[in-house]
Each structure stands twice: as structure tokens, then as C-alpha cells.
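What follows is subunit A paired twice: with subunit B in the first complex and subunit C in the second.
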Partner chain A sequence: MKELILIAGLGVLALLAGLINGRKFFMPIVLIGLSTNIGFSLADWGSNEMVYGMLKLDNFALAFNIVFSAIAFLWFISAYEYFTDDNNFSDHFALVLFTLTGAFLLVSFTNMITLFLGIEILSIPLFVLVGSNKTKLKSNEAAFKYFLLGSFASAFLLFGMALIYGSTGSFDLAIISGTIAKSTSIPPMYFAGMLLMLMSIAFKVSAAPFHFWAPDAYEGAPTNITAYMATVVKTVAFAAFFRLFYSAFGSVHSEYALVLSIMCAITLIVANITAAVQANVKRMMAYSSISHAGFMLIAIFTLNAANLLLYYTLVYSISSIIVFTVIKIVKAYNSGNDSINAFKGLLKQNPILAGCLIVALLSMAGIPPLAGFMAKYFMFTTLVSNGYLWLVVIAILTSLVGVYYYFKVIIAVFQKPETENDITLSFAHKFILIICALALLVISIVPDMILGVL
Partner chain B sequence: MEASINGVSLNYYIILSTVLFCIGVLGVMIRRNAIIMFMCIELMLNAVNLLMVAFSRYFGDTNGQVFVVFIMAVAAAEVAVGLAILMMIYRNAKTSDTEVLNQLKG
Partner chain C sequence: MLTLILILIPLLTAFILFVSGKKLAKTIALIGTLIELAFAVLVLVNLKQGNVQALTFKCNWIQSLGIYFSITIDGISMLLVLLTALLTPIIVYSSFNKEYSNSHVLFGLMLLMQSALIGVFTSMDGFLFYIFWELALIPIYFICLIWGAEGRQKITFKFFIYTLFGSLFMLLALIYIYLQSPVKSFDIQVLYQSARAMGLNQQAWVLAAFVLAFAVKMPLFPFHTWQPKTYTNAPMPGVMMLGGIMSKMATFGIIRWVLPMVPQAVEQYGNYVIVLAVISIIYASCIAIVQKDFKFLIAYSSIAHISLIAAGLFAMNAQGIQGGLIEMFSHGINTVGLFFIADIIFNRAHTSEMAKLGGIRGVNSQFSFLFLVVVLSAVALPFTTGFVGEFLLILGVFESNGIAASFAGLSIILGAIYMLRAFQLIMLGDTNSLTLHFPKLTKQEIITLVIIVILIIGIGVYPKPLLDITENSVNILLQGIK
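So, the complex of A and B:
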């Protein structure tokens, strides 16, 4: 409970900081708040605290709370100029902190009501953040599309919830699961409801065929917010996906496993092939993000894969923070150009920037000693042990396509620069890039440390 | 005996809200005016509200009605944000037609 009060309180405090012009001192407060949040979660470990029957702080919730708070911590440092450059710093702080409040509900819900509220508290501030580049029509368009399709998907989620309520008489996940496990004939309304909820959540995690909003929203949003969507929001959406299907629909696992495995195959194929033909790096990374969503889906329909999901989201988020920070810096340096040509000669212009980008892209492509390889490898082993050999073949083939488009950027980095000027990095960016690149190396050496917590 | 609320079969409530929901879905998909699309999303949400209240009354369980109050509050917040986004588009493009929103492709 104290974690929730802490994050929501920080959000309210951010609004007050706008009144007294606290631009200088509010960032450290947020970082201390997030560290305290991680500390609270560590202190609560194993307590299984119930909050009014609506939230349960079990180890799954606490582990994901720690992961998303840590990623948000890194993200806040990498995006510091988003909070200092213009007059709306308190709005930006408050909106991001409110999305984190929603994120906390989403990793710990035990009831459909808190699931819905969590999704909405996460999404509504995010619509505003995506459109926060107010004078650019592209940002407006991204916000509009994201908003329209987001609320459309929410309505499907609600209709699904209503149908499940109608067939079981409760919103509580444990009671829903228990009622269905005991009943001799499952009403068709229950499956209709489950399918609608599945569609809606697949939309939120941007899995094909419900992914079409993601490239537009990712490309149009300010790059800092794109990074936030690809890291914190994706992690949390998958945690909620897992939690919902594990605790509410666990008793009909065999029914949804087939649907999800087909969805996973479609996501991997569509995302990787479309990414390979993109010229804009931000858009390419959006498709890459969808293809990683395909890999994360594997953890939802195979059994006992919570720790794999935790590991995969952590690895993917850390490498995304690096990639989007580099894209942001290169884009600013090339006056708004974010095509692959803008990356030409990055190695000459700034070796640290280029080195970290290469580490992150190699990790995403799944090249051996890096963490991304370990994450994919664990997903493949769990697929094999669950008997999805056909999906392993598809996943490996599409990963090869992935290697192709990640290397397009890496090759550009090694080419001759178009302009000789060096890119200078601020201390915060340099710090965050090096920390994230080191983290990628460390968690690839000791994956058991993270896999063992759940 | 067939399931009913005050003599009206529960199936009618389910059919009515499904039809309303489908009208909303079609509206969002077919219409190109942003305001009408927002209204259709509201229609979808209200179809859900109707269904929840019907089930809540049928089970004699208040949770469904509490949920409806939450949905109403969230829908109001959502529309506020949606109209603000539309205002922002109008300021930049001087029109509320969604046809101008074609800059992001690929």
C-alpha cells in the first residue's frame, strides 16, 4: 500500500512544484522517490499483503514493481532535458508519475475493477504525453490515433469484463477461476468475454494483428516518450497480461494457448518483415518493439514462465533506453533527421555513443554473449519443452530477419561521416548510456540472479 | 425457469447491449468525423454500463454497479483528453477533419 501512496503522492507534489517553480530540485526528489519505492518493495518481499481485496502485493507484483521503477529511474535520467527545457516541466513530471501509479495497479491487481482502473490511469496521461509536442502536427496525429484506438480497445476490454461477470457473477480473479474450474459446462459467454479481453490486451501490448497504432504513435511522439512507451509501458502491460491470464483464466489454459501461439507467430513474422523495409530508424524501432512483444507473448501461453518474462522485459527495456537515447541525440544533432543516413559515421563523431548503440542493437538482435541472446535462448527452451517446435522454427527465422535490419544501422555507424563535427554528450546522457551498456553485459553473465527471484 | 429481471428476460438485456455495442463499433470504423467517433466510443461504453447493471441486478451483487460508476468517471476523463487533443489539432491544421492526419505512414 505504501508504494502506491508514495508514487501517487509524488505526482501530486509534482503539480505543486509547478507553483513554486521547482524546476531545479524536483528531479532529485523523483529519483529518491523511485529508489524509496524499490526499497519498500524489497522490504515487503514475501509478505503477500492484500489491499482491501483489490490488490495483492505478492512476489510477482513486487518483482515487476522493482523492475519498472528501476527502468523509470534510468529513463528519468536519460530524459532529463524533457523536464528542464520548457515551461511545462511540472505537467510532464505529474503525468509520468500518474502513469507509474497506474503501472503499480497493473502489476498487483486481483480484481477486474483495479485492472481497468490501472489501464486507464496508465493510458490517459500517456495520450497527453504522446501529444506533448504541441506545435507539431505529427505529434498531434500520433496522440489522436493513440487516443482513439486506445479508448476503442478499452471499450472492448470492458465488454469482455461484463460478459465474464455475467457468466461467473464476480470480478475477483480468484473467484472467476474457481467458478470455471468447478463448473461442468462453461458458458459460451465466458469464452466470448475472454476473447474480447484478449483482443484488447493484445492491442495494449501491440501484438499483431492489433499493432497498427504502435508505429504511428512511436514515430510521432517525442522520442523521450517513445522510449517510455517501449520500456515501462510495455513491461507493465505484459505483467498485467500475464497476471490476468495466469490467475483468472488459468483453468482454461489449453483453450487460449492455441490462439496466443498463432498470434505470437503472426506478430513475429509481420513485425520483422515490415521493420526490414523501414528507412526511418524510429519507425524501425517501433516494429522491432512489436517483434519483441512477439517474443514476450511466449511467456504468456507457456507454463511457469513468469521469471522469463521478467528477464526478457528487463533486458529489452535496458537496450531500448540506450537505443532511443542515441536516436534522440543523433536526431537533435542532424536537425530532426532520423533516417538511417543520419547515423553514418557515428563512430567517428562520438565513439561512446556508437559503442553503446552497437552493444544495445547486438543485444536486441540476439548475438551471443549479450543479454538479449540469453533472453531469447530461454524463450526458445521453454517453447521446446512445451512442445511448440513449429514456433521455434518461425522465431529463429524471423530473428535472422531481425539481425538484418539491426545491422543496417550498425553498418551505417561504421561508414564515413557526412560531416566531420563531433557530437558532444552531456554528463547525464554519457552516464546513463554507459550504465545501461554495462548492465546489459552484467545480466547476461548472471541471468540466474534474475530468473531465480520468481 | 428462464433467467429474468422483473419479468423481462435477461437475454433481452444482453441482446440490446450487444446491438448498441456493435453500432458503436461500426460507427468508429465507418465515420471519419472525430466528434462522431468519440460519440460512438461513448455509445460502446454505455452499452457496457447497461450490461453490467443488468447482470448486477440479476445476481443481486452491487460490484457491477460500483464498476459502472468507475466507467462513467473514466469515460469523462477520456473525453476531456480527447477533446483537448482535437483542439490541439485544430490549432495546427485549422480543421477538425481527420483526413489531414496522414503524415505518419509506412
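So, the complex of A and C:
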């Protein structure tokens, strides 16, 4: 409970900070708040606190709460200029903090009402944030697309919930699961409801064929917000996905496993092949993000994979923070150009920037022994042990396509620079890049640290 | 524990190199690799005394999945560890006469690779083996990408994707075997047991996945297309590491991870691999005959030799495996020697096209003699190291498949044709403007070549110590299979 009050309170505080021009001092407050949130979660570990029958702070919820707070912490530092550049700093702070409130609901809900509330609290500020680059047409377009399609998805979610309620008589996940497990014949309405909810959440996690909004939204949004969507939002959406299907629909696992495994295959194929032909790095990373969503989907339809999902989201988020931070810096340096050519000669221009980018990309490409490989490897293992050999072969082939487009960037980094000037890094960016790269190396060497948690 | 130190010394040296300046790079790299060589000899002494305890190291790595950091050394891995430890200082020393930009990074990457290679040869855990296997690939990729010749991006990329592609299927096979056993452990003995318990059909698929991975790495026809251009495009130390040591990863992998893992399938389908290898031998030899460029010729001859090793190993008898191991050792030495010679010629004449050269023997007889010894070893003349291995290999293949052996035997004849032709074109005949003033060898070049020549003749005349290292382990291996 105190975690929720803390984050929501920070959001309100952010609105007030606008009144007294708190631009200078509010960032430390947010960082302290997030650290406190992590501390609270650690203190609550194992307590299984119920909040009015709506939220349950079990270890899964707390672990994901810690992970997304930690990622948000890193993201705030890497995106610090987003909160100092213009006059809207308090709006930006408040919107982001409200999405975090939604995030907290999404990792801990035990009732469909809180699920819906969480998704809406997360999404609505996000629509605004995507369009926060007000003067740019692309940003507006992205926000508009995201909003329209997002509303549709929410409607599907509601519809699905209504059907589920109709067939089981409850919004509570445990009761839904229990009713179905006991009943002898499951009403078709129930499956229709489940399918609608599946489609809606697949939209939120940008799994194919519901991914069409993602490349446009990722490309149009300010790069900082793109990074936020790829890391915090994605992590949380997958946690919610897992929680919903694990606790509400666990008893009909075999019914949705087939649908999800096919979706996973489509996602992997479509995303990787489309990514391979992109010339714009930001757009390419959007498709890469979709392809990683394909990998994360594996944890939803195989059994006992909560810890694998935790590991995968953490690894992907950390490497994404590095990549998007670098994209942002390179883009600013090359006056808005974020094609692959802009990355030429990065090694000469700034070795730290280039080194961290290479580590992150190698990890995303799944090159051993980096964390990204470990994460993919665990997914392969769980797939084989669940009997999805065909899907492993697809996953392997598509990750080779992945290697192709990540290495396009790496090769560009080693080429001759087009301009000789060095890129200078601010202290915050240098700090965050090095911390993230080190964190990535540490969790590659001792994956048990994360896997053993859940 | 000693084995762990063998992995750590080059790793540590690599990190020292990364932070040290360019000035000291060569010295640090040479000292590091020499210490490594000394330790390898120490390990050999321990192995001879049967001190297995000191050589084994095992601890938990990822406990929840039964993955161990488990390494040890037996006779088979000893030979390859020795080869790695022996060749790396030679390779480092051989590049002393060249100035590479950021040479400390180059040497650092080479040592990183050495560390990973030792890891490949010593790991006793399937997952660890895979990690080291890929870890060896990353430094060489960057070596080729940064210091390679013009147009390297595409070539090195093809090399990378190709080998990654193959090894991912090896990973899949390993996961599959891992999931067969209720113990859920990647320990090599557990994997052996559960793999042997599988049906023939399952074993055959596992064999196919492994062969795909190893055939790309060796490379065997028709998975060889990345190799010639990568070899000719990479910087000299890189190509020596690639051809001298890295190609042995795959042949070693067959001995450690295929033969004892799926013996039934090898028994049943091994002949197909032998036939593929024999096709590969003849194909590569024939292409080598028509090459105009000396470096390409070495690359193709390397395919032919490695394919012969593969054929011998799949014969699954003591002669084949012993011969394969000896041939790995001597092929490593020969390849490094040949590429070093190609580099000497290229540095002086600025071309490696054989038709443009000629008459060097008259100008520089010292070089001519050293070159001749290496060439004779490459064509497997008796009393050179090449002979021992090829003889045993063909004997081994003959025992299991006479027809294949008669074709494999062609490799020696064809080898003699292209190697002697190369020698003739480059060294004999009339001098021309390129070779008229062929400068004398420097002291450093003479030392490198003399070391190689001593190794070639030494092992050729008295191969028993090397055979002794592996004999016991090979017998144990074969007993385990039968």
C-alpha cells in the first residue's frame, strides 16, 4: 500500500512543483522517491499483503515493482534534459509519475477492475507524452495514432472483461480461475472473452499482428519517451500479461498456448525481417523491440517462466536504455539525422559511447556470453522442454536476422567518421551509460542473482 | 585449479594490454604468452604424473539450471592446449616486425581469444563449452573487422553470421540432450548418458545439428564459402589464429562432444560424413591447384587437410583419432608457417600472385630452404610432422571404409601437386623486377621460421611423445563408446 501512496503522491507533488518553479530540485526528489519505493518493496518481501482485495503484493508484484522502479530510476537520469529543457517540466514529471502509478497497479492486480484502471492510468499519460514534442508533426501524428488504436484496444479489453464476468460471475482472478476449474462445461462466451482480452493486451505489448502502431509511435515520440516505452512500459505490460493469464486463465492453459505460440512465431518473423530493411536506427529499434516482445511472449504460454520473464525484461530494458541514450546523443550531434550513416565513426568520436553501444547491441543480438544471450537461451530451454521445437528453430533463424541488423550499426561504428569532431558527453549520460553497461555485464555473469528471486 | 590458471593468464594479460599503452604492448603480449606456455608445460608434467586433482576445477555457475563451471584436462585436450599455448607466442612474435594501429588492442583481443580457446578445449560442461565456443568468435571478428584489408566488412560479417548460424544448432542439440535426463545437468557425463540412452532417430538429429555446427567451423564443403576470403582478408596474426588454432575447435568438438555423445548414430551415419569429408578434400585440393594467389592456395589447402581430419575422426578407431589429433597439431604449425611465409613474400614483393613472382631461391637461398621444409611438411613427406598425422588418418579411414580411404589418399598426391607448383612458381625460375632485390630475412623472421622448422622436423622424426600424451585418453574414449 505504501508503495502506491508514495508514487501517486510524487505525481501530485510534481504538479505542485510547477507552481513554485521546482525545476532544480525536483529531479533528486523523484530519484529519492524511486529508491524509497525499492526499499519499501524489499521490506515487504514475502509479506503477501492484500490491498482491499484488489491488489496483492506477492513476490512477483514486488520483484517487478523493484525492476521497473530501478529501470525508471536509470531512465530519469538518462533523460534528465527532457525535464529541464522547456517550461513543461512539471507536466512531464507528473505524467511520467502517473504512468508509474498505473504500472504499480498492473504488476500487483488481483481483480480485473484494477487491471483496467492500471492500463488506463498507464496509457493516457503516455498518449500525451508521445505527443509532447508539440511543434513536430511526426510527434503529433504518433500520439494521435497511438491514442486511436489504444482506445480501441481498451474497448476490446472491456468487452472481454464483460464476457468473462458474464460466464463466471466475478472480476476476481482467483474466483474466475476457480469457477472454470470446477465447471464441467465451459461456456463459449468465456473463450470469446479471453480472446478479446488477449488481443487487447497483445496490442499493449506490441505483439504481431497488433503491432502496427509501435514503429510509428516509437519513431515519432521524443527519443526519451521512446526509451521509456521500450523499457518501463514494456516490462510492466508483460508483467500484467503474465499475471492475468497465469492467475485467471491458468486452468485453460492449453487453449491459449497454441494461439500465443503462433503469435510469437509471427511476431519474431515479421519484426525481424522488417527491422532488417530499415535505414533509420530509431525505427529499426522499434521493430527490434517488437521482436523482443516475441521472445517475452514465450514466457506467457510456457509454464513456470516468471523468473525468465523477469530476467528477460530486465536485460532488455537495460540494453535499451543504453541504445536509446546513444541514439539521442548521436541524433542531436548530427542535427536530427538518425540513419545508420550517422553512426559512422562513433568509435573515433567517442570511445565510451561506442563501447557501451556495442555491449548493448551485442547483448540484444544475443551473442554469448552477454546477458541477452542468456535471456534468449533460457527461453529456448523452456520452449524445448514444453515441446515447441518448431518454434525454437524459428526463434534461432530470426535471431540470426537480428544479428544482421544489429551488426549493421556495429560495423558503422567502426567505419571512418564523416566529420572529425569529437562528441562530448555530459556527466549524467556518461554515468548512466557506464552503469548500465556494467550492470549488463554483471547479470550476464551471475544470472542466478535474478533467476533465483522468483 | 591449474587449468583455471591457464584460462586466467591470457585473460588477465588481455586486460593489462587494454589499459597499457601501445609502446609496451608487444613485450607484455610476448611475456604473457610465454608464461602461459610455461604453465602449459607444468600442466603437462602434472598430467604425466596422473595428478588429475590439480587439473580439475568445478563449481556451480547457474545452479537453478544445473550449469557448472567445470574444466579439466585429459590427454586429448592437453594436446590442443599445448598447441594453443605454443602457437600464440609464435604468432605474437611473428607480428613484431609490423606496426598495427592500436596494437595493444590487437594483442589484447588475440589473448582474449587464446583464453576462450583454452576454455573450449577444457570445458566439461555443455553450456560452458558453448559460451567459450562463441567467446572465441567475438575477438577474431573484431580483429578482422578493424585490422582487415579493404572490403572486409562484408566478408567478416559473412564469416560471423555463418559460424553463429551453425553453432546455434549445436546449442539446440545440447539443450535437447539436457532435457532428456531427469537430473537436469549440463555436466558432460550426464549429457553422455542421456544422449546414449536416446533412440537412433533422435541421435541422428543431434548428430546432424553438431555436424552442421562443426562443418561450418572447420569448414567442410559445402559450408566453406566464408573461409577463403576471410583467411585472405584478415590481418596476419588474425588469420594465423583462425587457421592455426580456431579451425581445431571443430575437430576437437567432434572428439569430445560427438563421438562419445551419439556413438550409435555415428556408427550408422558416420559414413555419410566421411563421404562428405572426402568430397571436401578432393574439391578443395582441385581448387587449390588452379589458384593464382598464394594466400588463397593456403586457405583451400587448409580446407583439404581439415577435411581429412574429419574423415579420420568419423572412422571412430584409434588410428583415426590419434592421427587426427597429431594432424591437428601439425596442421596448426604448418598453417602458421605457410601464412608467415606468405606474409614475408607479400611484404617484400607487395603481391602474393604466384605468376608474378619467381627466382627468389637464387636471390635468397636461406629463405628458400626454410620455405621448402614447410612445404614438404604440408605435402606430408616422411620425417616431417605432416606425415605422421596423414599416414595414421588414412590408415584409420581405410579400416572403416576402404573406398573412401583410397580417395582420401588422393589428398597427399593433390597436395604435392599444388604445394610444389606454388614453390616452383615462387622460388624457382627467372627473377623479375619484383624479386630481383628480394631483401634478406630479418633476425626476427629467421627466429620465427627456425622455430617452426625445428618443430616440423622434431615431431616428424620423433612423434612418440605427442602420441603418448593422447594415447591413453583415446583408448578410454573408445572403450566408453564400445
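Basically, the second predicted complex is superposed on the first by the 454 of 454 C-alpha atoms of A that agree within 3 Å, B and C clash if a C-alpha of one lies under 4 Å from a C-alpha of the other, contacts with A are read in each partner's own complex, and residues count from 1 in each chain.
Note that in this section a contact is a pair of C-beta atoms (placed from the backbone, for glycine too) under 8 Å apart; a residue touches a chain by one contact, two chains touch by 3 or more.
Quick caveat: nothing in here was measured; it's all calculated off a predicted structure.
Peer 1: With subunit A superposed, do subunit B and subunit C clash or fit?
Peer 2: fit
Peer 1: Figure out whether A:G452 sits in contact with subunit B (first) or subunit C (second), or with both, or with neither.
Peer 2: Once the two structures are laid over each other on A, A:G452 reaches subunit C alone.
Peer 1: With both complexes superposed on chain A, which partner does A:I32 reach: first (subunit B), second (subunit C), both or neither?
Peer 2: neither
Peer 1: Using the superposed model, determine the angle subunit B, subunit A, subunit C defined by their C-alpha centres, to the nearest 10 degrees.
Peer 2: Placing subunit A at the corner, the angle measures out to 140 degrees.
Peer 1: Looking at the overlay, what does A:L438 touch: subunit B (first), subunit C (second), both, or neither?
Peer 2: neither
Peer 1: Who does A:I262 touch here: subunit B (first), subunit C (second), both, or neither?
Peer 2: neither
Peer 1: Of subunit B and subunit C, which one touches more of subunit A's residues?
Peer 2: B
Peer 1: Contacts for A:L303 in the overlay, against subunit B (first) and subunit C (second): which applies, first, second, both or neither?
Peer 2: Touch partners of A:L303: none, neither subunit B nor subunit C.
Peer 1: Quick check for you: in the superposed arrangement, does A:E219 touch first (subunit B), second (subunit C), both or neither?
Peer 2: In the superposition, A:E219 contacts subunit B only.
Peer 1: How far apart, in whole Å, are the nearest Cα atoms of subunit B and subunit C in the superposition?
Peer 2: 25 Å.
Peer 1: Which parts of subunit A are touched by subunit B and by subunit C alike?
Peer 2: none
Peer 1: Hey, which residues of subunit C end up touching subunit A in the complex?
Peer 2: For this pair, the touching residues of subunit C are 61-65, 130-131, 133-135, 138, 145-146, 153, 157, 160-161, 164-165, 168-169, 171-172, 175-176, 178-179.
Peer 1: Along subunit A, where are the residues that touch subunit C in the complex?
Peer 2: Counting only subunit A, the residues touching subunit C are 307, 362, 367-369, 373, 377-378, 380-381, 384-385, 389, 392-393, 396, 399-400, 403-404, 407, 411, 414-415, 447-448, 451-452.
Peer 1: Under the touch definition given earlier, write down the residues of subunit A that touch subunit B in their complex.
Peer 2: These residues of subunit A touch subunit B: 112-113, 116-117, 120, 124, 127-128, 131, 134-138, 140-145, 147-148, 151-152, 154-155, 158-159, 161-163, 165-166, 169-171, 189, 215-216, 219-220, 278, 280, 283.
Peer 1: Can you list the subunit B residues touching subunit A in their complex?
Peer 2: 14, 17, 21, 24, 28, 34, 37, 41, 44-45, 47-48, 51-52, 55, 59, 61, 63-64, 66-67, 70-71, 74, 77-78, 81-82, 84-86, 88-89, 92-93, 98, 100-104, 106
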